[in-house]
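I am attaching a structure below and will ask some questions about it afterwards.
Should a chain be cited, it is by its letter among A, B, C, D, E and F, assigned in written order, with residues numbered from 1 in that chain.
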């Protein structure tokens, strides 16, 4: 009954969102941005995949419902990105791969299933965009990417370092993925960086460990004093610019201020506005059309906990984060 | 990735909900009860179809988001109905047909699209379960059923009569579907009945008109004085019992008390509990196994307005209403 | 601009709600039930008056916003009461007198202002319906009524006795109005009764004091075992029936279960449904048309705290309580 | 009972808000800022009018309850505006004209009623401040103003262009008013400007059309890079400054970030803070006392959807928008 | 600073709630019912202990915040229980033992810690009242009780059987405690009973298994047809009456209808009202003063998930459940 | 059962938060930051004390529940403050003193109790951090401090001046504490300053009075034009720098924008972000380690009204305000 995908009039394979002039935006398929399901298309340049899991959460749980919430909050996304002057869904076949089935009672098994699922989805060359779910899942994502790309730089937006060692004896939680990844040699220790860090730590040693594990830090405070443009410069410099190697972009939605992202598990005051975050992300795009861009090989948006959201404030921010990163991908040239 | 539908192990055609031991209930396909999509199955005995439309609403709008909300609230439904001793999804192929695309700016056009869509879905013999959306859509549903069955008895659960004539000059709103249907000869005027009526009216004449249009009334008050069992008897008597002819069951969720269904557009104090409503619905099942049941030929559950719901109280009630009516259908023997 | 009051077509003095066929129910004057303001009519049989005050509250405050909330929740009230077969706004001129200005920082002054304001409004014979506000205000209401009627029976719906002596040294709070009223000789100690009492007390002596102060008790529990009809009989018997003397009906919305009235200050589990409450109130109407009714000389609905309400569940219940009591008044014959 | 309007002690005609020392701010008349009703004053310099209508809404409905919500959220507004050093209610007679009755089932009829109502209110020279309601209503407002002033410049704050052509075949929706207005010759194509635009479009052609229809664009992004002061300069330059002609200020509350305005129908991440919006609006005031100001001839604040608001965040922002524009009007000298 | 416990004027060891005439109910110690902490008293007859854990949850998580929420919702509890005519805090020393520290990342370790913690608390003879937390924790509670009492009858209030075998391979989740307990010989298979069961199951075999594991079933539906009094008789008969042996009372708050308990993880429509639940619980008290009562040796109230609660509806119900069971304990004579 | 305070392994006196590796952050003692209770430690350098009182509130009440809410929102605070490079709980013994019992029905009595309670707590040299409660309580706090320190400079963050004279005849409300304090000679009129002022006033005279009473003003608007660093300079200049005398820091949470602090009683649009506020507060720390800091002798954080908060946005901001001020105290050297 629902028919027609935007910009897909004469094609048997759907592409882009369902036509909003035939099916109102509040209706239609509950995929991300009302895009085709992966099963409907022959192959995809980008696959959006839900990671409904929160057993690694140390405070407020609920990110298991995050993927469905981000999808529901993405219905208003339209085809053309004016700030980046690109139409991501026309430039790339973007499809929704549904959810991975992850065991909520067994973290190690869930990590294995997640890695296997991501490898399977990526084997045809699709760039994966993970919708979390909690941050534990960045580890299997990096394991899957390492198999394809070797060590990747991690561009990590978060209030927290997520390089803690253990928590109540547990090595695999949402506070530890980047320590494990660094220990396993999955990340490029010269080019990784946290953006938006703030709030109290356990001790001064947390920062020393973090440096040793391969991360630079751009605190949230620097947005107040420096502004977005200078932070983009610092981030691009740390990443090494186009050609320096693959980059994984991991966005913990708690990088935003609680006012802009109440629906998350470990909120910290003093965070970014959604405008600051989106501007920073757009800073990854090529400086000019045709120039090479940052080589983004994987993306996640995690820690959206809908039970604490209101009026989809958090969900909409997460959906826009994905959309802006799709714009960056569309301009940067990698295709499946 | 999500794989396996309960009870569908050795079949290439999925049937029943996705296997909850492979994909946790909070994940997986966002269809009603995590059932197969209509496109995945060859044909269906019952098709659940979303009717995202609320342009006929006179007070609180928002039922346009009702279908997605009822689906999200239906994920906990399991395969076996102990009170009715039946497994509806095993007894019948039940599939989710997605949403109809209905024009929010043009009520007459939306009525036409709705009727056409329903006729198309019903042409292979599927019994339709409409997820509203507002009550305006009972009219096109009855038009579609009339083409197949002739006049049908309407078993209508609601706080309101919905047999008003016009509202601000408009003939087609959520307050008028059953007057229009009666005028058009779509309903059986000897066997139709409202259950749960309460709250103030415009005048005593409203009830006279309603009687003339073919409806008996069971007020909500009678649940206080008579109890469910006696009301079931009265309803079955009015419907004429098995063999008396086809019945359309239309459940406006505002038949429930605002405590049990805050997420609706025109709430009235003094309503039913969800237990009373479900027990009344189960009263439509055959008195004993093998005996004939009420011949339910169509169902809707309407007026779920999620912006006013809390913690899916209303959505869960609506999902259970559908589930119990599926149980009645499974026992009553009609198959596509 | 908004024009036309229902049933007021050829009259220069408006009467009844604004015509819903000219101004949709979600719009128009923010008076109770969209009725005329008192200043628009020559005189009123019933005056609805807001009592925005909560300085006497011992737990959750916020009832100061109750009057506006009840009015906003009353917009759906229509002219005809089918269960009582009467049109209250046609039978009586009912007008909204706005809010009394009560000092939130000085309880004694607020009591004086409230009493004066109520006397002033009642001097032309109008029956007053107070929209609270906290229960402290039942005391000045009873003082005002005593000046007109002498001692009145109090029919008090509440989870709590409200006959405590002092609280932290304060004699005038929402827990003490009926002790003060009894001490001041304002109430008929032979005919007063609490309905819906439940939850823990300070000690067994609370009940002894209460009896001595002139109240019988119908616990909420009796609704479970006895049902509404028998409770109505007990209430009418205690009130002495028609002709036995004037009655003040005071409804603390926390008589309802927290599910049915979350928006209140001192909720207690195990309460009434709105259907039970409304049925009990309707039990005050004359047994048959033309027979004398209970002589209700004043009404309040108090303790609605909107910050804790959801989707107007509590507000709608309160508005229906007022509407049903207006139906009782319309049938009982007292006119200004 | 409620008595005394601030600064109106010795006048028979009320002026300004009800005296807060007599009636607490949480009580009293439910007019905007507790101002007099239009019927209470002989004539008004500014009339605030509710436009409860949302049938033109393409996503989340509910703006039909916007006028009541903005009024409820305006109770804290006090008489003196320190940032502009003016007392708007003393400088001008500002009155609340209540709501227009607009048909929710018939968009063209609602447009006609709205235009007629606004013409009627404006005929005595009052400047109108419309409280929406959805943005569809900017069209009848501009039609009414055109009859008085000829083409006006539109200063439009919004996340969206609102110059789309049709939506599902409908020419008159909340996404099309400024295209229709431009086509009808109602606006000054040399001086109109959108401020706060962001989020995805249907295509690059949307911007070309928009330019052709007479609008310049100040994207939300420019607040990040340029700051408020430079944006004010650009806006004033586009408007042509004092003497250049009449200006209509239309504020879609979704120009704010979802964090600052969750209660709206089509939210987009990356928006303005309320501080940025208010500072931009104050930039319309005369540069110095006695100098001429921008000639604002009409105002609307639209798309406030209370069901999605929390704790009046959105309503308070809308009320402050109105208050700051009243301050601009007070300083700019136009009087009825 | 906070001083004085009700009824503890001349005692150095505090007993009962903090004196509400010295410290208002909205203030003071955040213990259950503002009771003394266990560390403040020499020993306790009853210890209330928080079990903040939800790693065994299959759907909505969040019960880890349940203990704090129930405590916050218990502040209004007063000393005297009029329906049972007892003062539980005077009859018994009831103290709050704080929370057990349970590992959220390792279910087996959490079960061990919970069992050890409970044994430690019970070793001086205190009866334990566990505030959940999810239902997984009933298993370690029963293990701890078995060490003291041998097999106990389980009186289990729930929408669900909680006798499933595994879920996604996990043997220890909130859906399996009573199967494990039965397998381990912890329960009396002749005297255990579920009350309030409803909603769909996986298959008819679920009920067969359940019977074999030692449970009788009182479905929620029977409250509609039979009423509370008859259900109390059935429950007492199944438990064997006073002297038949020890009883563990386990109350999953989802036994209540979603209207009465939205704040829970796996809600099912058609549940009990809080009044029905409280009346059933009170049915455990001795039939007359001095007669022996049911020998309750342990209590839990679980599955309160505050993120889904509203206005403490669910929390208050849970607090009253505890209070009524304390009343039963006080009358039944067991003391530490 | 809960055991171990961070950094307190070999000490009999607990210090700092409970060890998060033994008791998860969502569990454990409900003290501020899970710190020891005052009764558990011999003496404290800083005592955090709850002031549950809101009888001085002129608009939305509910700050009486503020202390419990701030404590619940403080559980995520960890021991090390990276931006200030200090561990406040290691540098100082910080303990939670519980709540003062303040009479909600008698403002003067509550002021007396509050002053006495604060004097008692401060007598051993502890610096007090008050958790409000409404702003009325700044007056008794200043009275208590005056007895120890003589006149103190007030650094006051607020949307409002709080130097009004009376409100409805009441001299002691949340709008008047600083006028009373100035009149009583409690404050240093040369060094006091408001930060964040915005929104409408009663008249231009309000500002004149305020200046006369000894306050400079930094409007919220200046954050837009000047940025945080320059505002810190102005504040430090006004305070006179280190050595100039004692400073009381009073933070009304409504200094934040409603988006960042919805949970408050008199919200005004156009406020600060939490990042701006926290940066300003950190500006009070010594310019370099070892240099003298501002001599902060007392702190309050007031006007947190949880019924209007969402997902602890406001509570978390308040908890971080306290934490950052503890960091300032730790660096500035004053010890008990």
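The rule we apply is simple: a contact is a pair of C-beta atoms (placed from the backbone, for glycine too) under 8 Å apart; a residue touches a chain by one contact, two chains touch by 3 or more.
If you're wondering where the values come from, they're calculated on a predicted model, not measured in any experiment.
Touching chain C and chain E at once are the following chains: B, F.
Ranked by how far their CA centres sit from the centre of chain F, the chains are topped by B.
Averaged Cα coordinates give chain B a centre that lies 55 Å from the centre of chain F. Remark: chain E and chain F have CA centroids separated by 39 Å (rounded to whole angstrom).
Contacts with at least two other chains are made by residues 22, 24, 26, 58, 60, 64-65, 103-104, 167-169, 257, 259-260, 273, 308, 310 of chain F.
Taken chain by chain, the contacts fit none of the simple shapes, being neither an open path, a ring, a star, nor a full set of pairwise contacts. Working note: touching chain pairs come out as A-B, A-D, A-E, A-F, B-C, B-D, B-E, C-D, C-E, C-F, D-F, E-F.
Those residues of chain A whose C-beta lies close enough to touch chain B in the complex are 1-3, 22-24, 26-30, 49-50, 52, 64-65, 67-68, 71-72, 97-104, 117, 120-121. Chain A makes touch with chain E in their complex at residues 54-58, 60-62, 64-65, 103-107, 109, 167-170, 172-173, 307-308. By the touch criterion given at the top, residues 58-60, 167-169, 197-204, 206-207, 219-221, 223-225, 257-260, 262-263, 266-271, 273, 308-310 of chain B touch chain C in their complex. Contacts from chain C toward chain B in the complex involve residues 6, 20-22, 24-26, 75-83, 85, 87, 227-229, 257, 259-260, 273-276, 278-279, 310-313, 316-317, 319-320, 323.
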